[in-house]
Amino acid sequence: MRRWAAFLLRLYVAAACVCLLAPILIVVILAFSGEGYLHFPPASLSLQWFARFFGDLQWQHALMSSLLIGAIACLVSTTVGFFAAYAFLRAEFRGKKLLLSLMLTPIIVPSIITAIAMYYLAGRLGLIGNFLWLGLCHAVIAMPIVLLILLAALHAVDPNLERAALGLGGSRLRVFYRIVLPLALPGILSAALFAFLASFDELLISLFLAGVRAQTLPVRIWNSLNLQVEPTIAAVSAFLIGVTTLILAADGILRHRRGRRRQTAG
Amino acid sequence: MVEVDSDLAARRAPAAVDELALLAPVAAARGAIELRGLTKRYGEEAVVDAIALSIAPGEFFSLLGPSGSGKTTTLMMVAGFVQPDGGAVLLDGEDLAAVPPQKRGFGMVFQNYAIFPHLSVFENIAFPLRARRWANGAVAERVSWALDLVRLGRFGDRHTHQLSGGQQQRVALARAIVFHPPVVLMDEPLGALDKNLRFEMQVEIKEIQQRLGMTVLYVTHDQEEAMSMSDRIAILNRGRIDQVGPPGEVYERPANPFVGRFLGEANLIEGTIAPQFGDGTRLVLPSGHELRAPSGSRRSDGGRGMLFIRPERVEITAGANAAGDVRQNMLAGTIRRCSFLGNILRYAVDVDGLAPITVDIQNAVRVAPLPVGALVVLRWPVAESLILPAEP
Amino acid sequence: MTGSIASPWTGSPAAAKAPRDPTPLLLLPGIAMLVLMFLVPMVLFFVRTFMEFQGGTAAFLAQARSLLFSQPYLTALATTNWIALIVTLAVLLVGYPIAYYLTTATGPSFSLVVLSIVLPYFTSIIVRTFSWMVLLGEHGLVNDTLRAIGVISEPLPLMYNRLGVLIGMSYVLLPYMVLTLYAAMRGIDTSLVRAAEGLGASGFYTFRRVYFPLSLHGVLSGALIVYILSIGYFITPALMGGQHDIMVAMLIDRELEVAVDWPSAALMSLSLLVVTLALYAIYYRVTDVRRLIGAR
């Protein structure tokens, strides 16, 4: 590529990156604003909005709800997804492709429809505001992501390792516990992290199914936004961004370890 | 067998006499493999087509063939990882169809080693023993025996990424034999090693096999490897066995041109089989010249055949004429090319109306190679000639 | 063939006696979850609301016809598709160079660009939308900056209108396009480009005749994904749109929340779902076939 064209491209991409990251960075900066309204750049810095966030009972309840529901979604989707991924990769049966497509439909169907349908059922069963049920619904949404990550992670585990272990006399349980699980662990952790994140950030289903008791952080932000845009929202948002960044960093480390281990095997 | 005794001693305290008596005859017969009509189809194609074999206990048996000939699939069916579409695998007379891989008790060595990357060398080798719930003390003793056997005595604590390819392969070997299996299956285990290391490992594997007396079913595409290690070789061609026999027999008297070419350089001279008279078979070449082979040589219907002779059996002399000899076949030709291969000189000789004949001369005495274009006479004993069915 | 080995085996096929592999059973929890918590609610939602409709089938069909051809619905449909189209094109134009750059970048530049794509992608949509509200509002950063430098005197209406929706949705959907394009571009054999240039083709000509056609299946996949996601969007348009930018998803929500008209909501949901699934089917065929052709 011509020199000037390459330079222009770099410039363009740099500008694009700024535009992509700016909104997020701005929110984080705003969260530390010392003013009483949203003005950028803030004239002074303070932690008042974080204090307000962590001190407010309602926000705290929302945080706890998000964490609890996230944990449920994470646990359920990772476990179920792991078994499913293993079956897809190691078992022989018909209709694999079709079944896989079906299991990926939750991310394809418009979330508004999923939310309403789940709302309908939950309403009928009297499960609006039920933490466990909301966690399970989130697990359904998180499953496709978990499945995709785990399919990739398990695919990298040499099937000959399992055959060797079986042939050497290991029972299926022993092979699973001593060979498959340890080798797939970084992938499992990655999947768990993203499952948690998917639930933590989820808005639409929570909006319909949370009721009064199970309001998650995104739901509270939505409600606040519809009432009045105040800086506490910025602090909550900054918190969410922090969680996301942490999880992405953790996944990066895990992927680094995965890559290293793969290099050394055989 | 001495090995059986140490087996028991390691596992429990004084062995009951009854148990020994029970095990002894079984131990002596352990490790006979039989394949009956073993078949595997992928779609319409039969990748393995009704293979039948009988392998004696303690035999080193190779499945030799080009890639795609079905040898790995056959091995996988013996191991139990692939379900056959037809036929059966028998171990000491028992049909293994209902027996899952983890209960068959075979040792296995894969081409890519399949060493567990997250376990130490010790734990890798200990795996089959732990799976059989051996006590820790017994495990340590047996694993250290296995490590010594493959000459990796001090490597127990190492992790697999610290080992070279050859060392990893030895760990795989140690792991496969540590629990004294009656049969060991090997799928091209030396394919990833370089030439010198490969030869070293061949010797080691053969020595271990003979010491422990186990049956080995060895899959490879390398004919030298198969010939140097095996008691018997089965040559696979597109899912079928073309020939089974000891290396010498298969090399010197192949059943068909495919086998002949696969096991080494081969000369296959096409001609028409003339009506037999007296002793032996006559092959008439397009030029009218005749070659002879002993009677009983195989031939196809339709009268066409190929005369088979190995390059190292052919004598080459300069000159246009040579005295005839009733016990020898003769052809006259010109030298097309001479290649220096280190331990041999290989000539390609053009003979009128035929494909070039290959002649190998050992580089025992330093002589000047015959020049290109020189007229030569080729000679070889009739007794060593073989008529094979012509290729379709 | 070779007589010494063959022993005729006339027994039954071995497969009949082989032990059954229990592994496929591991799929049961996943399938159960999918069916019970995803398919069942869907089916129940559609079937029951249609069944609960008073008046029988004929009246139902009449209602359906009047709803689906009603002004608000058709307008919403047009708005939705129009916005989806614009967003797809915008995201394609903006994202194509970025994806290309990713194929050539290494080390820290690569990581930085990937981070810029991935961090917004994983940030909660509500946070992203909120940040845009901060930026584009009347007293938001963009307007304040422009006024400070003196480019404008009155604040630009960037929020609560179609422009706001377009900006917001493009921001959210850009990562999908970039990641899909990148995956496709990685498979392009660069030696082809070099060969073209070696044969004397100018940069632009090479791009037009060699590179772009090779990247086409990535473009199609990315465009389809973005379009499919756009037509179902609710949150961003609801927060950033104006009175006149009603998309189908918002209409559905309105029927439910405001009018509590379940059958209408169900009907519109069904039509949206059908379109989405049809497009997804196309996407599936396109990527499958392309993978066979484009894969090296």
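The letters A, B and C name the chains in turn, as written, and every chain counts its residues from 1.
Simple rule for what comes next: a residue touches a chain if its C-beta (ideal position, glycine included) is under 8 Å from a C-beta of that chain, and two chains touch if they have at least 3 such contacts.
Keep in mind it's a predicted model, so treat the numbers as computed, not measured.
S.K.: So, comparing C-alpha centroids, which chain is the farthest one from subunit C?
M.R.: B
S.K.: Quick one: name the chains whose C-beta contact count is the highest of any pair.
M.R.: A-C
S.K.: For subunit B and subunit C, let me know how many angstrom lie between their CA-based centres, rounded off.
M.R.: 56
S.K.: Could you tell me the distance, in whole angstrom, between the mean C-alpha positions of subunit A and subunit C?
M.R.: A distance of 18 Å separates the two centres.
S.K.: Show the residues in subunit C shared as contacts by 2 or more other chains, in ascending order.
M.R.: none
S.K.: For subunit B, jot down the residues that touch at least 2 other chains.
M.R.: 100
S.K.: Subunit A: which residues touch two or more other chains?
M.R.: 172
S.K.: Using the touch definition up top, name the residues of subunit B that touch subunit A in the complex.
M.R.: 79-81, 100-108, 110, 112-118, 127-128, 131-132, 160-161, 168, 175-176, 179, 185
S.K.: How about subunit A: which of its residues touch subunit B in the complex?
M.R.: Touch list, subunit A to subunit B: 158, 160-161, 163-172, 174-175, 178-179, 182-183, 261, 263-266.
S.K.: For a test of understanding, state which residues of subunit C touch subunit A in their complex under the given definition.
M.R.: 21-27, 29-31, 33-34, 37-38, 40-42, 44-45, 48-49, 94, 97-98, 100-101, 112-113, 115-120, 122-128, 130-135, 139-141, 144, 171, 174, 203, 228, 231-235, 239, 249, 252-253, 256, 262, 265, 269, 272-273, 276-277, 280, 284
S.K.: Where on subunit A does subunit C make contact in their complex?
M.R.: Residues in contact with subunit C: 1-2, 5, 9-10, 12-13, 16-17, 20-24, 26-27, 30, 38-40, 76, 79-81, 83-84, 86-88, 90-93, 99, 101-103, 105-106, 108-114, 116-118, 120-121, 124, 136-137, 139-140, 143, 147, 172, 194, 197, 200-201, 203-204, 218, 221-222, 225, 229, 233-234, 237, 240-241, 244-245, 247-248.
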